[in-house]
Structure formats: C-alpha cells, structure tokens
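Listed below are the structures to be examined.
First subunit A sits with subunit B, and in the next complex the same chain sits with subunit C.
What follows is the complex of A and B.
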C-alpha cells in the first residue's frame, strides 16, 4: 500500500512540469493571439492612412493616361506625357497583358521647383521630382519605378528584387558576358564554355543540394570566396582560427566556414542582373501572357515557371540567353581612329608652338 | 640630312641613358604584367587574376610615356640652354629648321622604347596562356603608348623650346586657375575651374586624352 502511494507520488511529481508546461503554452498562445490582433489593427490603420494620403496626393492634380499608365501629377514643365509615351512600349513589352493592371496602380509624381526653398506640404506617397528634369531622365524614372504589383516571395527571393524594364538591354547582357569570363566559379566558367547544365547551376535553377560544391567545386575557388567576401565577417571570435587556416590553404576550414553561412548568403556565381536578364528573355519569348504565366503558380520551381512563361524548355531558354550574352560581348579596348587623329593633331600643334617661337632663349 | 644625322648623334649622346632605361622598362612591362597570372592550377580564378594583374601593371604605361617624353625633351634642349645657344647661332640654319631637326631627332630616339614596348607586348601575348573569353591587344597598347609618348614629348618640347617668359606665362596661368578656384571655394561660388580644366585636358578631344582610358594588354 505504502509502495503504491509512493509510486503515485513520484508520478505526480514527475507530471507536474507537464501541467506547468501546458499553462505556459496557453499563456504564450494568448500572447500570440493578442499580438496578431494588434498587428491586424496596425495594418488596418496603415491602410487607412495610406488611402487618405493617396486621396490627399490626388487633390488638384491632373491624371495623364498613356496606354495603361496613369500618372497623377501637378501642372509643371516636367515632360511627363512625352516620357510616358516613351516608357509605355518598354513596359508593355515586358509585362504584356499584366501591364493592363497598371491602370489601377497610378504613379504619383509631384513636380517641384528645384530653385525654391519654400516650405511645402509633405506627401508620403509617390515621388517628388524637380521640374527641370529632361525627357531622358524622366523616362528613366518612369521605367525604374513602375508601380507593378511585387512578385510572389519565391520569385522575389530568387531575383533579389523586382523585375523592371531594361533601360540599356545591350549593356545589361554585356555585363553578363563579363561575369561569364571573370566570375571566380567553375559553374559560370562552364556556362561560358557552353555547358547548359552549368548555366542552370550558376543561375540557381537546378538542384539546390550541395550548392557550395556545385558553384565552387575547387579548393582555390572556395578560398577565394572566403577571403574575398567574408574575411572581415569571419575574422572575429571562434571563426578567426578557421579563417587563418583557410587563408593558409586548408580547404576543410574554408568549406566549414562557408557551410556555416545561411544558404542564401553564399555569393552567387552569376549576379542578380544575370537572373533578371534571363527572366526578361523568358518574357520576350513567351509573348503577351508570359508575365501572368510566370506568376501563376508560386509553389512551382523557378525553372518550371520560367519554362512555362517562355513556352520553351528551360534548357532552350538558358541556351538562347547564353548565346545572346555571348553576342553582346563588350567592345574591346582598341583605340578609335578619331582618337589617333586627335593625338597626332595635338603633337603637330605643340611642335608648331616650339617652331613658331621667334626668339632664341637668351 | 647631314645636319639631321649630326643632331641625332649629339642628342643620342645626351639622352642615351634615358633611352636605354626606357627601352628596358618598356620591354619588361608587358612581360611582367602577364607573368604567372595564367597558371592552369588557378582554374576559374585565372581570368580574374590575370585581368587584375594586367590592370595594375597598366597604370605604369602612361607614367613611363610621360617620363620618357619629359626627360627626352629636357635633354634635347639642356646643352643649348647651358651654352646660351651660341653653337646653334653659329649654324647656317634658320631657327625653325633647327628646332624641327631637334624635334625630329628626339622623335627618332623615342622610337626605340616605343618599339621595345611593341616587341615586349607581342612576345608576352604570344607566350602567355590567355584564358578563353579574354584577348590580347598588343598592337592597340603599343599604338596608345606611342601616341602618349609623342604627345608628352611635343608638350614638353614646346615648353623647353620657349623663352623663360613663355614658361612663366604658363606657370602664371596655372597658378591663377588655382587661386581663382580657392577664392571661389571660400566665397561658396558654384565654380569648378579645376574640374572643368581636367575635363578639357583629359577627355574627348583634349590633348592628354590619350593618357586616360584603360591600358590593358589583355581584356575581354
């Protein structure tokens, strides 16, 4: 009897933390619910404030409509309409049918006197632009601030940002060529040499397991990544000895240091600009509905989404993109003929100065 | 022609050390810039390393060109200035012809280091292992070097050939520019004379534009 009582007592003592834990979980849940309610209220208030601010920003303004673009702006010499006319074809060709949604998402542009120090009401929406901006700069401004809805999280993470129309498409691809040639990664190098699987790896479109080994397969590459991008970061506390070993040539230390980083921190062999140019290629190939197809299934793999948008296999898409980048090779450093003429002209001028001195230097 | 040969010989005697050192430096520069950068064991890193090395060494070409132009131009006139032009005045030549012969003799001497840079660049380009995607530009580099040397030589030759008054005027103009810029900065005026002069001299059609831009023996 006494033994049974003792056993029950021990069980009761052992179970008491579980009861306590249950209470703790309930308390935390109540706090989480309270936080959620507060957050929802904050979002509602922010939306209301945003709506009121937009309402305030539109008072006394004109709406300029070019294609599906809507620009709410004040009367000024700023060439908004002409810039919109130049920007619209680029926006339309990138987003296709999705560009029609821009009619619901206007630009707010307040043109201001660049020479005035007069105090003006502060607006928290849209852009404040000096009205002496020229047509080219205004067009660039419209292209770089297209108010398109942001893409889903997966695409935005892969792109590291928002997709915008290209202002200098040829230069963008020229930049990709430079990355092919100079990126310190075997994947980028393989892509340049024509291996499409390497291109897919370098763009982060393939299997993301063992990404470190796929992107930087050799020991010198891994050491270059550590010493080039993370030397300061690792030169503190517990990682400092490993950094010193890595710099001294111990590959295991370099690999361990790089593995300790979060997956998305590892430097990409090909930059975000390369990824953006690939998406632009996919949208160009895919026609009017390509952007909508790209956004249709946020759960799908990025490679599949790009293939769906482009209407071709991902291999064909990447091969075409690579060929376009190779064709956009930057101009070599050769001296232009006119520069040769200019230099020889100056030699003649200075020699003439020497000859024309009429006096001996006495 | 006899007069030209005589002047060339005297100028060679005065400037031979400069020419020999310039030739040696000009020949070595391209070879050093490609030395060891393109090693097979560097894998994907070799292109980046090579470009970095070539870019670093590339800053020395315009310096060498300017130094050669300056030193040869000074050497051309030093003996005349020291002898107060007595020898030149005894020659049966008008001044313009004498100056032209001196200028031509100096240019002829400068052809040696220019040729050395060309030979060095061609040799370096043919012997180095250049990663695919990159290309060597030995002729473009040699041409740029030749033009830079000639421009530098012409500028300093004109200054050396002038009178002390001319040199004083040039220095006074430069000093005036600096003084006006300093005063404008103190008075908080939007005046950038130094920046504007820099643009005029170093860009587009400017006389020193050939010195700027990239001096790359190897590039994409």
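What follows is the complex of A and C.
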C-alpha cells in the first residue's frame, strides 16, 4: 500500500511540469480571449473616435464645392476655391465618371499660420498646410492628393503607385522620350525605332517570362544595369568577386548576378512615369467611363484592361502613346547668334584688362 | 585716409556682389511648388486599439507555440526540423518539397540526429477577415526555447508573407532560385539551430543571450540574413548619404565605437548583458520584431556566434557554450585571445572602420591651404611693394 502510494507520488511529481504547462496554456488562452474582446471593443471605440474626428473637422469650416470636388477647410487666405477650379478639369478628364465619387470623399484641409509658434491641435484628419501657399502650389496640392479610392493590387503593382492627374503633361512625355534614347535597353531602343512589340515588352505588358533576356539582351546592357544600379549592392560578401568579373567584362557573372535578384527588382527599361503616361493616354481615349472600365476586372491582364479602358487594341494604344512621346521631344538648347558676340566681347574685355594692367601702388 | 576709403569701398563692393549672387530679386516667384503639409496622426483611441492588437498577437503567438509543442509529430524518416503549417492547406506534393528542402538545409548546417529537436511553425498568409482577431503580423519571428517542460524541443515560428505564401503554395515568381527557400528556413531557425547543434547553453551563456534577445546567435550558417550580401551592416546603406550616419548614431555608443575599430568598444558591444544575471522567463519566448537590426548591440551581430563557432572549431565552441565560467572568460578561452581584439578583427571583414569625430575632407583641407597660401602671398607682395615716403 505504502509502495503504491509512493509510486503515485513519484508519478505525480514527474508529471507536474506537464500540468504546469497546461495551466500556462489555459492562462494564455484566457488572456488571448480577453485581449481579443478588449481589441474588438477598442476598435469599435476607435472607429467612433475617427468618425467624431471627421465630424469635428467639419465644424466651423467651409465646404467648397467645385464640380464633384468637396473641400472642407477653415477660413484663411489660402486660395482653395481658385485652385479647385483649376484642378477640377484635370481630375474630371482623368477619372471621368468615376470622379463623381469624389463628392463622397472630401478633402480636409486645415490652413495654418506659417509664422505662428502657437501650439496647434494635433491633426487627426486631412492635411495641414500653411495658408501662404500660392495658387499654383495649392492646385498642385489638390492634384497630388486627390482622395480617389486606391486601385486594385495588380494595377497598383504594375503602376508602382496611385494614378494622379498630370501636373506637367508635356514634360512627362518629354521624360519618356529621354528614356527612349538613354535607357541601356534594346527594348526601349526598339520602341523608339517604332517596333510596337518592343514597346509592349519595355512597358511590361507582354509575356513576362525571361524578362532579363527580353529587356537587356546584350552583354553591355547587362553590365550597364549591374554597374549602374547594383554596384554597391553586390559589392559585399560572396557576390563581390562576381561583381568584379562582371565589371571586367565577363557576361556570365553579370547574368548570374541579375538572375539572383527578385523579378520585380530588375530595373524597368521604361520607368513608372512612362507607364502612368500610357494609362493617362488610355483614359483620355476611352472617354468618360474609361477609368471604371480599367478597374472592372482586376483579374485580367493589364494589357487587356488598358485596351478595354481605351476602347482600342493595345497595339494602337501603345503606338499612339509612342508617337505622342516622340512629338514631345525636348527642345534642344539653341544658342542665339548674338550670344556668340557677347561671349567673344567678354573674352576680349578680360583679356584686355589682363594685358593692360600695370604695376600698382598703394 | 585715402587707402582706408579704398578698402572700405572694396569691402562694401564685395558684400554687394555676394548679395547680388545670393539674394533673389524683389517680387521673384518661388522656383517650384512649395509644400509643408503635415499628415494626420492616429487618434488616441486608434493607438490604443493598435497597442491591444500587438499584445494579442504576442500572446496568440506564444499560445500557439506552446500548443504546437504539445502536438508536434516527429517523422523518424526525416532528419530535418519538423514542419507545421498554419493557414491554408498545402497540397501533399508541396509539403514533401518543403520537407526535402528543410532536410537538405539541415544537413548543410552539419546537423543530423540531434538531442534537441527543432520544429518550424510556418504561418501562411490568410485572407483578411478569414479569422477573428487582428491581422497577424507577417514579420514577427518568434522562438520557444527548450525549458523544464520540454527539454528537447525548440520551436521556431516563421510567418510567411505574401511572397513566401505564394512560393509554398506552388506559385513562385518567375526568377525564383531554388536555394532561396533553404536560406529562408535557415534564417528562420534562429536560436533553435544553436540548441540543435550544441545543446542547451550554460546558465551564464543563456542569461547573457536572454539579456540581449539572442541578437548574436540568430544565424548559425555561413550566410547572412538571406545570403552573403544581406548582412545587417549592409542595411545601413552607403556612407556617402546622411541616413547612413543617422543609422550609425542611433546605435549604442559601444556599438559605434566597435564600428570605429576601438577595442574597448568591441569588448563592451559583445559582452553587453553578460554582467546582468538576467532572469530567464519560463517559457522563454524570443521575439524578433521588424527592424530588429536597428537595435543590435553589435553589427552584424546576427552571425557573431556562428562565425566564432567556425573559427574556433566545434570542441572549443562547445566548451564555451556549456561553460559555467563568466561569459567574458569562457569566450576569451575559446577564442584564445581577448574578446575585444578578436571582435575588432572580425568586424573588419564586413566594414571598414568608420571615422569618428570632426574630420575635414581632403578637398576642403587642400582648398583651405591654398586660400591661406594665396592670402599670405598677397600680404607679402603688398608689403614688399609698400613705399615709405
């Protein structure tokens, strides 16, 4: 009897850590459940607080309505109405019928005295801007912070951001022209030369398999990408010898280094700005409902979505975009004829001063 | 009097020239759009909700690790860590592939049958709203080290973000390299790899590591965070840019001193926490938060003990790992040289010693010397031509 009791006691002592673990797990479970309930309550309260903050942000403020734009702001010299009048046509022409949704998504702008050190209330809703912004800056502010709903993940990833109206459309296309002629990529050059398939490749709209070979098919291009964009990155640890070989001209090393990068890190031959300008072109061609059509099917390929939005085939869309970029070629710097005379005149003046100087005396 | 007037005129003229060069004309428009906007801050209620969510995530992760430890199934046909998936169900072929990769990674670390076994809990990304509670943190790696409840199991919790979930579900991106998965597993093992390789550390070593959240024992393998070029020290960026120095000076003084190649700094950086008799919690759950490398006491600390083990060999490292001596003594004995000296040399493998304190750039120094020489020559020339009447 005593032996049996002893055995049970030993077993109990040996099993006590396991019971202890069970207790700990139960305790943690109770705590997790309690935290989950607290979190649900906290989220409900936070939603209410955010909603109240939004309400509070409208108290004593003016609502400025221009088109579908709604701007809730305090009284100040900030030229909000004039800026909205300038911004609205650009916003309306980009988003078309989807811009009507902006009536439900107002801007909240708190204009503040830029020269005051007075302590201001913490900003929970909208933007805080100094009221001495001029009209141009205020318009730019409205264009760059349009409160449109963000696009789906696929489009946002392809665009690397959100689509906004262009502030300088001509300069944007001029930038695309510069990329055509300076990008170290055969795809970009092919696009410049008029090969639409190359344009589609360079924009990442076609087959994305073997992107490295399609974008940078020659050895000098691959070397330029490695040395231009990733020299610091690869100049460490195990990849440093391969980088040195690549710089020395060994293409296999350049290719291996570029292959080791994740696909979305490989530099695009044509930048995000080029992609954005293509989408803007598609929306311009597609008319009022183009933006809605662009967002209609998030599962479709980007090329198909652009074609659907523009109402033309992707080849036509890209060809038109390319022509517009070529037409926006930046003007070369031209030296007026009289500038040569002015330059020579100054040279003569300085040379004369130098040659005719005499010993001086204090 | 006349020369003085000339000098005053020259000085005023110089000032006028400088003003002409630097001051914009009256009424000139600013060059570009000027913004000084401030983004909104979350409300106090939202911050509280976020804080509660963080606490829940930590508690939930601890709970799951403890539960999983009770139910982990060991497959005798495999040598690598047991793999437990959470979230969407993986097809059997994908599971077999993952297990094969984990086994080969395990062998590559020089591990086979070990006294302390490791289990890798991989949490796949869930669709938002598919489960109650806050969205799980996809960066919060955690480890449950062996304790008195279970002395032979070390659990590693490895959340799979969107990228890794796609890879595990059999949809890797096009340029996916096969060894990336093994590297990811290796980096996810953390302290469990040390437990498997060298067993349970002595109390002094464990207390030291606990005090510094195991920051010097996160990677046992020869690679960094995800390969040779992803060391935490590389994340600082390039010394040419200001953010590099912002990063440097956000570190502790001893860490910065070690980066500058100072022996005392290196010694202090390595032995941080060795003097404290840190209470080791039971269960001991080591959490790595996002941006853990910014809080390291030694850069690149994540591979420090891995490199020590490789340099000194298995036996000497084992004797350090299980030594009851104070950490500085045990480590110096294993290294057979002072800790600071070895660490200084080790640090140089990854980074050139930074220069601390004010240091004029070479170009500026040469320019200053040149200007000084011009000024002295001008004065000497003027003095030589001075006429005394």
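Quick note on the criterion: the second predicted complex is superposed on the first by the 284 of 362 C-alpha atoms of A that agree within 3 Å, B and C clash if a C-alpha of one lies under 4 Å from a C-alpha of the other, contacts with A are read in each partner's own complex, and residues count from 1 in each chain.
Note that contacts are C-beta pairs under 8 Å (C-beta built on N, C-alpha and C of every residue); 3 or more make two chains touch, one makes a residue touch a chain.
Keep in mind it's a predicted model, so treat the numbers as computed, not measured.
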Partner, of subunit C and subunit B, that touches more residues belonging to subunit A: C
Contacts of A:114 with subunit B and subunit C, given as first, second, both or neither: second
Contacts of A:239 with subunit B and subunit C, given as first, second, both or neither: second
First, second, both or neither for A:259, with subunit B first and subunit C second: second
First, second, both or neither for A:140, with subunit B first and subunit C second: second
Partner chain in contact with A:25 - subunit B first, subunit C second, else both or neither: second
Partner chain(s) touched by A:184 [first = subunit B, second = subunit C, both, neither]: first
Partner chain(s) touched by A:126 [first = subunit B, second = subunit C, both, neither]: second
Touched partner set for A:49, first subunit B, second subunit C, both or neither: second
Residues of subunit A contacting subunit B in one complex and subunit C in the other: 359-362
Contact footprint of subunit A on subunit C as seen in their complex: 3, 29-30, 33-46, 48-49, 52-53, 55-56, 59-60, 62-63, 66-67, 70, 132-134, 148-150, 173-175, 177, 224, 227-229, 231, 234, 238, 283, 350, 382, 385-387
Complex interface listing, subunit A residues touching subunit B: 177-178, 180-186, 188-189, 192-193, 218, 220-221, 224, 329-330, 332-335, 339-340, 342-344, 346-351, 353-362
Residues of subunit A that touch subunit C when the two form their complex: 17-18, 20-21, 24-25, 28-29, 31-32, 35-36, 38-39, 42-43, 45-46, 48-50, 53, 114, 122-130, 133-134, 136-137, 140-141, 208-209, 211-212, 232-234, 236-239, 259-264, 266, 359-362
Contact set on subunit B toward subunit A in their complex: 41-45, 47-48, 51, 80-81, 84-85, 88-89, 95-96, 99-100, 103, 131-135, 137, 140, 143-144, 147-148, 150-151, 154-155, 157-158, 160-164, 166, 205, 207, 209-210, 213-214, 216, 219-220
